[in-house]
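A, B, C, D, E and F label the chains in the order they appear, each numbered from 1.
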Amino acid sequence: AEEEYETDLPRIDLGIDGLDEMIQGGVPERSLMVTIGSAGTGKTTFALQFLHEALEQGERGIYITLEESRERVINSATEKGLNFDEYADNGQLAVVDLDPVEMANSLRSIRSELPRLIESFDATRLVLDSVSLLEMMYDDRARRRNEIYDFTNSLKNAGVTTMLTSEASDEHSYTSRHGIVEYLTDAVFVLQYVRPDDFRETRLAIEIQKIRDANHSRETKPYEITNEGISVYRQANIF
Amino acid sequence: AEEEYETDLPRIDLGIDGLDEMIQGGVPERSLMVTIGSAGTGKTTFALQFLHEALEQGERGIYITLEESRERVINSATEKGLNFDEYADNGQLAVVDLDPVEMANSLRSIRSELPRLIESFDATRLVLDSVSLLEMMYDDRARRRNEIYDFTNSLKNAGVTTMLTSEASDEHSYTSRHGIVEYLTDAVFVLQYVRPDDFRETRLAIEIQKIRDANHSRETKPYEITNEGISVYRQANIF
Amino acid sequence: AEEEYETDLPRIDLGIDGLDEMIQGGVPERSLMVTIGSAGTGKTTFALQFLHEALEQGERGIYITLEESRERVINSATEKGLNFDEYADNGQLAVVDLDPVEMANSLRSIRSELPRLIESFDATRLVLDSVSLLEMMYDDRARRRNEIYDFTNSLKNAGVTTMLTSEASDEHSYTSRHGIVEYLTDAVFVLQYVRPDDFRETRLAIEIQKIRDANHSRETKPYEITNEGISVYRQANIF
Amino acid sequence: AEEEYETDLPRIDLGIDGLDEMIQGGVPERSLMVTIGSAGTGKTTFALQFLHEALEQGERGIYITLEESRERVINSATEKGLNFDEYADNGQLAVVDLDPVEMANSLRSIRSELPRLIESFDATRLVLDSVSLLEMMYDDRARRRNEIYDFTNSLKNAGVTTMLTSEASDEHSYTSRHGIVEYLTDAVFVLQYVRPDDFRETRLAIEIQKIRDANHSRETKPYEITNEGISVYRQANIF
Amino acid sequence: AEEEYETDLPRIDLGIDGLDEMIQGGVPERSLMVTIGSAGTGKTTFALQFLHEALEQGERGIYITLEESRERVINSATEKGLNFDEYADNGQLAVVDLDPVEMANSLRSIRSELPRLIESFDATRLVLDSVSLLEMMYDDRARRRNEIYDFTNSLKNAGVTTMLTSEASDEHSYTSRHGIVEYLTDAVFVLQYVRPDDFRETRLAIEIQKIRDANHSRETKPYEITNEGISVYRQANIF
Amino acid sequence: AEEEYETDLPRIDLGIDGLDEMIQGGVPERSLMVTIGSAGTGKTTFALQFLHEALEQGERGIYITLEESRERVINSATEKGLNFDEYADNGQLAVVDLDPVEMANSLRSIRSELPRLIESFDATRLVLDSVSLLEMMYDDRARRRNEIYDFTNSLKNAGVTTMLTSEASDEHSYTSRHGIVEYLTDAVFVLQYVRPDDFRETRLAIEIQKIRDANHSRETKPYEITNEGISVYRQANIF
């Protein structure tokens, strides 16, 4: 019996001003993506806006945070005009704060329950902020890889578009802290600080490192974080 | 039932001349912050001034030191005109010197008692100088991360604004010695030496690396340490 | 008794536009090859085109993926006009998605079965995407080397031309992640990002690092990934 | 009852020509200091002169060496005109050569006896040359930190002004070999080689990296070692 | 009784065009040598030519390969016009392919049998391609050193001139992968890639790093690999 | 009773042409010295000449080699005109080749016997070529330090002037392979390759890094190895 292959995956927008225009045709639905950056580059803001894009269109989303409290996440997003308070109230949005130690310990059961949770909640987008905190909980490297491999795999099969955030490696802006997720994901966005030699002002720069099966700009563009979130300046240059 | 989210967190000043002007609107109250720098960059002085800002306004503060004796801390601060002797006498200020080995060994109980201590003392600000000495006590990396994660979490929930100090990594001025706290904190200040190629005079430079939910300058500015403490020169440049 | 040595190995094309012209006389049949590159440099696309070259000529091929699902691989290739859906349907192509953890655990039996599988399927080309995910599963370095040595050896003896893909080391574009496969293979292709100092546009560059017993260009040439796959621009230069 | 805090610590000179003028007001008495440098930069000479400064004023001092024999230390100092032979004879000076292995093994008892020894000898200054040899004896990093922390702490409480010498890290001139002592001490002096690009003559350069509670120059200045010891050239520049 | 010392060791040629002229007087017979280079720099070709030089003069040689099959080695050499097929047939040449895992496991017995084997075969030259694959089999570093020390020692005593090949370290072209053989051998040849900044064409360069008791050029010279093997261009320069 | 201190240590020459003039007044007799350099920089030649200097004056010397055979050492030296064959015959010279594994295993007894051996042989100079091979035999770092510390200490007390040779670290020319001996010795000589950017000719350069209690040049000077040994060109410059 001949199988059916859908050669034209539906595409979605990320909801980041300026960045969506750098991706021709959008990101394939149900992709597993990661945003890599060091502390303060805007990963959380990026993920909030990604979720907001779906909420705004009446879809439902799940935000899992290992770093901040549920309240803090909702407040932050609401301050940035993303109305997470309303979405949380009207049931479109689930914000879950997990303790990374506990998450690591019960990852197997989380992995098996997550697909059901996502389905029953009818979520189209999911955020995990940050996968590095989860990875850090495993000191044994092979164990860490296995767990992260299995976990990202279950996310790929869960029928949801997912954005992970990851700390950057100390040495290389384009490498995640543990050097695994960029290989397991379908798309990689890199946020970085660019510090000029004259020690004046630190700039923020974004590059799309990869999107499987999509054509995208390979330019590095400046962006800013304001109280309306992240805006990428497509017409400007870093220097 | 609808929940209430406070979208306008009260903001506070750090009490560092010139630096407070680099933060539009101040730092959110109850933030957990860290100052990263190598030996002699002024972390302790920074933390003393941060606490003094509150004491001066009649609030109460706790200074936990793992590096120096209680007497030395009070003397140093008093010499810098911060009157810690008076504040310690009039009961606004508690200076506690802990042995890092003992602190590490009893971190669980410290963690559970700290909130009560903070509440009963009615402290609005707390300093831990330095978190690196605590981190160093754990050789097992996963253990260290778990302990520091839990500890910083309990500080976030203790209803107090906290300043940690942290040694910098040998390799990267913008990375803490153990590479964890900058991700667990709400704000990161980086103090660093800038050594010109001609081997003349070493300069001191400060950058605000991140403040969650706040707009701040991204400039790197020179500062000096005098017998009145740290002053940041907003109008000057490093080179 | 005198033995016979075939001094003129049959040569094949890789199926990558522009690259085949950089290899005088083609790659020796039954070579074991590797393509090294960091995330998004086009390793998977490279491997798909390599397999397609044989399928197009009526030969049979096996694609083993440790990274993506069988469906995703077929869709990706089909979107790029490589008709993997048809080849899978007409039985010329076998796409197998394996879990790297399981593959690592049962590598011994896989190793012993693979030659029979290849023979019975009558495959002339095989892809393993990626060998790094397999290597990662071993934390003990000597164990990893032994396993990979034995595995690549059985591939060399299986009578098939094989393309492995490998992640690049973080430090050195020309080194594979675990630094072994480039020594065990007969040919090494290096895909890399070239990021100019002005932080403008990231370029893609390819170099043939080695082909045992073949004469090849030592130039580094730009390439692009389009929806028709990888094209190497032999006439152009990176800068 | 109100406590008394001495806000004006008595200050002392180091006894290094040119360097004392770089410290406004002198180093606080009873400080724990460290001189960091690689092999041959003059750490031992520095420490000998530091001790001589007190001996000359009729005070008493203790020199603990882990590197050389008692005889060699006295000879070296005497050759440099520091008259250690006479001071050793007249009882002002105690030179003790310890085996670092034994010192490490009995550090607990040494730690408890040292304060009494210092007091009974009535020493005002103490040298340990070098703390790195002691640190090296511990392979377990957490153990090393605990031991060094406790040991430096007992020195701080022993009522003596102490100069440690430490090997520099291979990578960073400003970091001690094991990266601990610069954080546990009140003052850090960095001795380093400056090797010009033309491979001509290696220069010696000194920087005061930190002195808690003291104002000091941040310049890097050339120095020389002659048969009268170290002289810092305040008016000269490295290049 | 007075012992006899032969002060004029017989000297031999390596058989590499252009390189032999860079060594005044040739390499001392019975030397243990190593050729260091990364994948594809021509180490195997170098070793084949070294052996061929002796075969051509009617001497006998042994080629031990840990990387390729016996057939592949003979084919490669024969394709390059080195007639290994004939030499293997007429009994002048023994090509042995060993599994590095097994070689490592039975190194002790190999070590004790090798001298007899060499003597009974009457070989004057021996190749081991590559020693890195053998070294890799030991994860315990002290064990590795001991084994390699003993093994190279038995080669020195076996009355044969030996060429080892070794992978280069990732970091330093002039260092072997495990950093031992260059110290245990009498001569070191370094093959390296030189990649110009403009990302155009990668060049091949050779340097004689050491030959005990021989005068040699210290120039770095370009070389090429053609279907006649390696030729060093003594008159040319890399840039 | 007053002790006697000899403030004017007798001084000796090293026997290296050009280098002795860089040391004002010579090296103190009975010093423990080390020559650091990578493979082929001339450490062995340096040590042979050092020993020859004493033999020539009718003194007696011991040469311990861990790298080469006794015969090879004598031949090499004799070829360089150092007449080791005669000195070995007339009993002025003892050349001992030791297996580093065995030396490491019986270091304790060697340590206790060495002083007697030196005394009974009446040697004034001793060479150990190389201490790195001995250090390598210990994988446990603390153990290695203890052993090397005790061993070098026993050499210092044996009443002999000693020259150790040591491999250089891969990263830093001025650091020994294991980073210990340069701190335990009284004098450090650094031999290094200087490779110009144009990849032409590699030069040899020497620097005196330290000589305790001696005034010496801090220049880096070119040297050459000829069949008469090492000559340092005091009047020339590297570039």
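The rule we apply is simple: a contact is a pair of C-beta atoms (placed from the backbone, for glycine too) under 8 Å apart; a residue touches a chain by one contact, two chains touch by 3 or more.
Being a predicted model, the structure only gives us computed values, none of them experimental.
Touch-path distance (fewest steps) from chain B to chain D is 1.
Shared contact partners of chain A and chain D, listed by label, are B. Centroid distances built from C-alpha atoms place E farthest away from chain B. Rotation angle relating chain A to chain F: 180°, from a CA superposition, given to the nearest 5. Computed from the mean C-alpha positions, the centre of chain A lies at a distance of 52 Å from the centre of chain E. Chain C and chain E have centres, each the mean of its CA atoms, that are 30 Å apart.
Rounded to a whole number, the gap between the C-alpha centres of chain B and chain E is 60 angstrom.
Counting partner chains per residue, chain B shows two or more touched chains at residues 171. Judged by the touch criterion defined above, the protein chains form a single closed ring in which each chain touches exactly two others.
One closed ring of touching chains is present, and its order from chain D going to chain F first is D, F, E, C, A, B. Residues of chain C that touch chain E in their complex: 2-3, 5-9, 140-142, 145-146, 149-150, 153, 156-157, 169, 171-172, 174-175, 179-180, 182-184, 188, 194, 205, 207, 209-213, 215, 218-220, 237-239.
Put simply, chain A touches chain B in their complex at residues 38-40, 44, 67-69, 71, 74-76, 78-79, 85, 88-89, 99-101, 130, 132-133, 136-139, 167, 170-171, 193, 195, 198-204, 226-227.
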